[in-house]
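What follows is a group of structures, each given as structure tokens.
In what follows, chain A forms one complex with chain B and a second complex with chain C.
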Partner chain A sequence: MHRGRRGESARRLFARNPVLGPTAALVLAIVFFSLSTSTFFNIDNFSLIVQQSVVIGTLALGQTLIILTAGIDLANAAIAVFGTLLLTRLTLGGLPSAMAIVAGLVACTIAATVSGLLVTRIKLPPFIVTLGMLAVMTAVTNLYSTGTTFAVPNGTLTWLGNSLYLFGRVQFTMGMLLAALLFVVMWFVLSKTGWGRHVYAVGNEPEAARLTGIHIDRTLVSVYAVAGLIYGFAAWMALGRTPTADPNAYQTGNLDSITAVVIGGTSLFGGRGGVVGTVVGALIVAILRSGLTQMGIDSNYQNLATGVLVIAAVAFDQATRRRA
Partner chain B sequence: MNRLTTKRRAAFVLALVSTAGLTLGACTTTKQSGPGAVGNSAGSKGPIKIGLVTKTDSNPYFVKLRESAKAEAAKHGDTLVALAGKFDGDNAGQVSAIENLVQQGVKGILITPSNSSGVLGAIKKAQDAGVVVIALDTATTPADAVAATYATDNEQAGKLLGQYVKARMGSTKPQIVAMDLDPSASVGIQRHNGFLEGMGLPLKTPDIIGSALTQGDQTKAQQAMENLLQRVGGQVNVVYNINEPAARGAYQALKEKGIANKVLVGAIDGGCQGVQNVKDGEFVATVMQFPKKMAEDGVNAVVEYAKTGKKPSGFIDTGATLITDKPVPGLASKDTTWGAANCWG
Partner chain C sequence: MSTATQDDTARRSTAGQEPIMTGRGLVKRYGHVTAINGADFDLYPGEVLAIVGDNGAGKSSLIKALTGALTPDEGTITLDGKEVKFHSPLEARRQGIETVYQTLAVAPALDIASNLFLGRERRRGGILGSLRLLDKKAMRAAARDELNSLGIATIQDISQPVETLSGGQRQAVAVARAAMFGSKVVIMDEPTAALGVRETGQVLELIKRISGRGLPVVLISHDMPAVFEVSDRIHVHRLGRRTGVVDPARVSMSDVVSFITGAQEIPADVDVTNRAPDVTHQGGAP
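Take a look at the complex of A and B:
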């Protein structure tokens, strides 16, 4: 029937463009909060929302890569938190900050690569591997920090917290710019390079990928390594946003990053979605928090709204895949 | 691998993710110390085993509590078995910790309950097995579910902060933002209410122009404060904080907004970093509590019980001290030098 056919073509449209649904939700949320509060729709608030999304968004960028291969990373925030302590303690111990940052990037890359090796060499499911890594990294962080919070010395470590003002008005933090750069680079790599196509192929049809000569294990390990490098950047960004290295920070960062990826339309089944959706997903979560706060709504209801959105996003993904 | 199994695996992962919090929550961690002694029956001599269950084992406050308890137990030649929930609020983890300790034959259990009523069943079972249970830091509800409670009077701690802020405000009308803990935690409610009492304000005062549940987490507090500032603008002049990490987050938001110097930021805890924040003028004051004293008194009470069969009873206040470099008349306080020497971690 006519109506049925139109429904079918809409489904196809959403199936082919996984970013469409999340973007529509983003626009709806902005319109809704702009109409229902007087303080939401202004440039300062928009800048703030982006600042609030930077760390989780960057963790979610690494998470996106891993989820595209039908994996999952529960240890990403724990790795980044370890990074924040490593950067801070090395600098406080007298190492030049730039070298401490390099050391942090390397350490985070190694930690995530270990997960990748366990997934490929011992053939353990990513969920179990990274669940273990989560506990390991949390414990290592606690031992290394002796449970203590460290104040971060001003300078290179907090540089990402500095701001540029466009037209003397619109605030951009260095962290925002670095995150944007990482997203653009990853978007390019995923969509325009052979490696990017391999990542999608491994997530989509591992057997077909193998038959076409793709080294599945090598691709997987490289995905975890790149994700780890991105977590290292997230650690540096976290110090720019809040200049204290706290071993108890970002305890829900892993699930928050998965939330952003899933709301952004990347399929947990692998092979579908991408980094643009993750930007949208991370922004939607921060917009909900900001908008609901300004409407005077309690934090418990904010969590409830986020939860409902995750379920809706996955249900939507399922529905559009079914006939795609 | 065919399409179907990929799908099944992904569905499995999805199901697991949704229960990840629970999975982690069910785990507890064990740390043993002292000579490997085994528990004996009441009234006997010789080394005993004492159990300690803290909310988490990463927070420096509980690290201090644990280390002090270990040291005190070692002084008597006794063994302390320290367990903890996985995160603040991990009731299931604490219940299984209590069960494991009873199983091991401890003489007494010292517990900082994550949920003041959630552990009552496990405590009752421990008591039925002849174990003396003592609450440290946080009281149970009802308080007489345990033999005794060694803790900061949290209402009094909040009140001290409130009295101090009131004195600093003088005749200016307070416009308060409250960085609260979590609706289920008694300590959050007691400090909040005590603060308002000290300020001389009713519980439902309109002078609280915004509040947020921060779980005592710095990044959550910062984000909540930024969003609240967007709503209430620059009229805020007092920020009450459940603890120092929340205060650091709130301060960061105020600083970014350029209004930190117009706002009195007050905290409660007495961690070394928090004392430093007061010294740097970021917080006007913090209220210090004394986990070392709680731990030592608690261990001694269990040792006493093992020797004589005499149980401690009631609420024993381990004190709270206002730390500030700008004292006000009529309110006792210590400066940050004293604070740095006595802070807990």
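Take a look at the complex of A and C:
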């Protein structure tokens, strides 16, 4: 009975601080890999890990918003990949890069908004809507690219690949900084504004949200639109990371982003979690891959470990949410 | 059966007062089913009006008509003597009619203050307000004040998620929200249905406090002891319409049950349909 009570208070602690579990896992992973390999614990490696997480992390940021409303977006990476081709082809076609970027952001926003409208107007489950959008966007991208990979002209499109060196030593890419800025802005909006409150309420208990006068459909469509805008930024970041627009890139980006969100402690049932968890989740996945690679472990085992982690994260989420 | 004396009638100092809210000849049909069949409704200032009736008698439909959740096919609703037409719960709410739903309409993962202000968040002033920033501090303070003034002492931590509260405490949060924003009428749908004896007592205490502020309360309930404990008048609903309003001081619970089932007609001497209740308990007298 004594142990039961202690278990109860621990359960409550984790339930009220959903980032606690993922953060503990992150620290454990860092300690473990630092002890297991000689190459892991150094600032260049950490910088590299963050660079590797930027695109998936940003896709996961948009994904977080949608999962908070109890939805899911299977089309996010496909939308961003379309964005990379649009940016590149418009620029190659003679449009100023800045305008191409704006066009890309608008196009990604529109694509995700279409998902949102289908979810709210035709009342289709987000899973089905975005599964359809995934196929549509993949096809559109292939048609538009004629299946070819385009080299990205240096300049504004690849600007996010440029680096700053802090203390002449620690490498920050512009993409990292932009991703960090987007995370801070979204954290701020979700936790400090009425819109953020409504996103949580709509995901947690739509009926209560409706009865208290929150416009559920308007909130949902705006969530998909903001997520789409974020995917547009992810597209630009992807060009900074690898200066080619490849229609076959990021094919598992949707699932990788969901993995980061879920490992970060955001509940698939909506209304719980947030963007801080997603940062942690994205870093955990990247650290796991980097660490296991440096330990010389086959990438299939890395996938296996990620899979186990996803299941463990959801099981943990369920266990801490279970009502007493 | 009548236990009333002449004194009781004489004491009715507020008799002759106008109702704050009325319904006349309300009708709502769903295909062949008539959910509301020419129903009337009167609510006087400061009273607790219980609405009782069998399952399927049309209580919920009547309440939905009054709160804007459905629009009646026929009939008129007045508020403060003026005719009103509600096309959504939001419109009724804007007119000062607050409803405590049986489902409570709270988001379990959000904290108490967030739930009290859900959909009506307070924003910061100045530049921060134009950024649509929430004024969390003000909302927490107001939530705290409201809980205190309603005597809800069992809730310690205002930043606690609602899901960590007991059933009675959750009900209290929903009631506090209605009391906070309801300027004309508070309607409660089966507030004690899911509660134990002690928690029921606490909710009834809340109802008394709200009506003590002069805010009339409509209480839909099957819980006869609760109805008799707090209500000033009991509106009996049967077969889609009001069959009468009785004074709880002059009838027994079993009388009311037989009015509900139709086993007994409501005698004229206990019918207070057109009479304002005595609400001298206003101001917190026990």
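Heads up, the rule we're going with is that the second predicted complex is superposed on the first by the 323 of 324 C-alpha atoms of A that agree within 3 Å, B and C clash if a C-alpha of one lies under 4 Å from a C-alpha of the other, contacts with A are read in each partner's own complex, and residues count from 1 in each chain.
Throughout what follows, contacts are C-beta pairs under 8 Å (C-beta built on N, C-alpha and C of every residue); 3 or more make two chains touch, one makes a residue touch a chain.
Values in this document were obtained by computation on a predicted structure and should not be read as measured data.
Peer 1: Go through the superposed model and pick first if A:212 touches only chain B, second if only chain C, both, or neither.
Peer 2: second
Peer 1: A:194 in the overlay: touching chain B, chain C, both, or neither? Say first, second, both or neither.
Peer 2: A:194: touches chain C, not chain B.
Peer 1: On chain A, which partner's contacts cover more residues, chain B's or chain C's?
Peer 2: B
Peer 1: Check whether A:94 is in contact with chain B, with chain C, with both or with neither, and answer first, second, both or neither.
Peer 2: Neither partner.
Peer 1: Could you tell me if A:48 is touching chain B, chain C, both of them or neither one (first, second, both, neither)?
Peer 2: So A:48 only meets chain B here.
Peer 1: Could you look at A:168 and tell me whether it touches chain B, chain C, both or neither (first, second, both, neither)?
Peer 2: neither
Peer 1: Which chain A residues are contacted by chain C in one complex and by chain B in the other?
Peer 2: After superposing on chain A, chain A residues 205, 207 contact both chain B and chain C.
Peer 1: Hey, which residues of chain A end up touching chain C in the complex?
Peer 2: 12, 15-16, 192-195, 197-198, 200-201, 204-205, 207-209, 211-214, 271-272, 323
Peer 1: List the residues on chain C that touch chain A in their complex, please.
Peer 2: Touching chain A: residues 89-90, 93, 99, 101, 103-110, 114, 118-121, 123, 131-134, 136, 161, 163-164 of chain C.
Peer 1: Residue numbers of chain A touching chain B in their complex, please.
Peer 2: 37, 39-40, 44-45, 48, 51-52, 55, 70, 72, 74, 125-127, 131, 134-135, 138, 142, 146-151, 205-207, 238, 241-244, 246-251, 254-255, 258, 268-270, 286, 289-290, 293-294, 296, 298-300, 314
Peer 1: For the complex, which residues does chain B have touching chain A?
Peer 2: Within the complex, chain B touches chain A at residues 1-3, 6-7, 9-10, 13-14, 16-17, 20-21, 23-24, 27, 56-60, 62-63, 87, 183, 212-213, 217-219, 222-224, 226-228, 230-231, 233, 245, 248-249, 252, 271-273, 276, 345.
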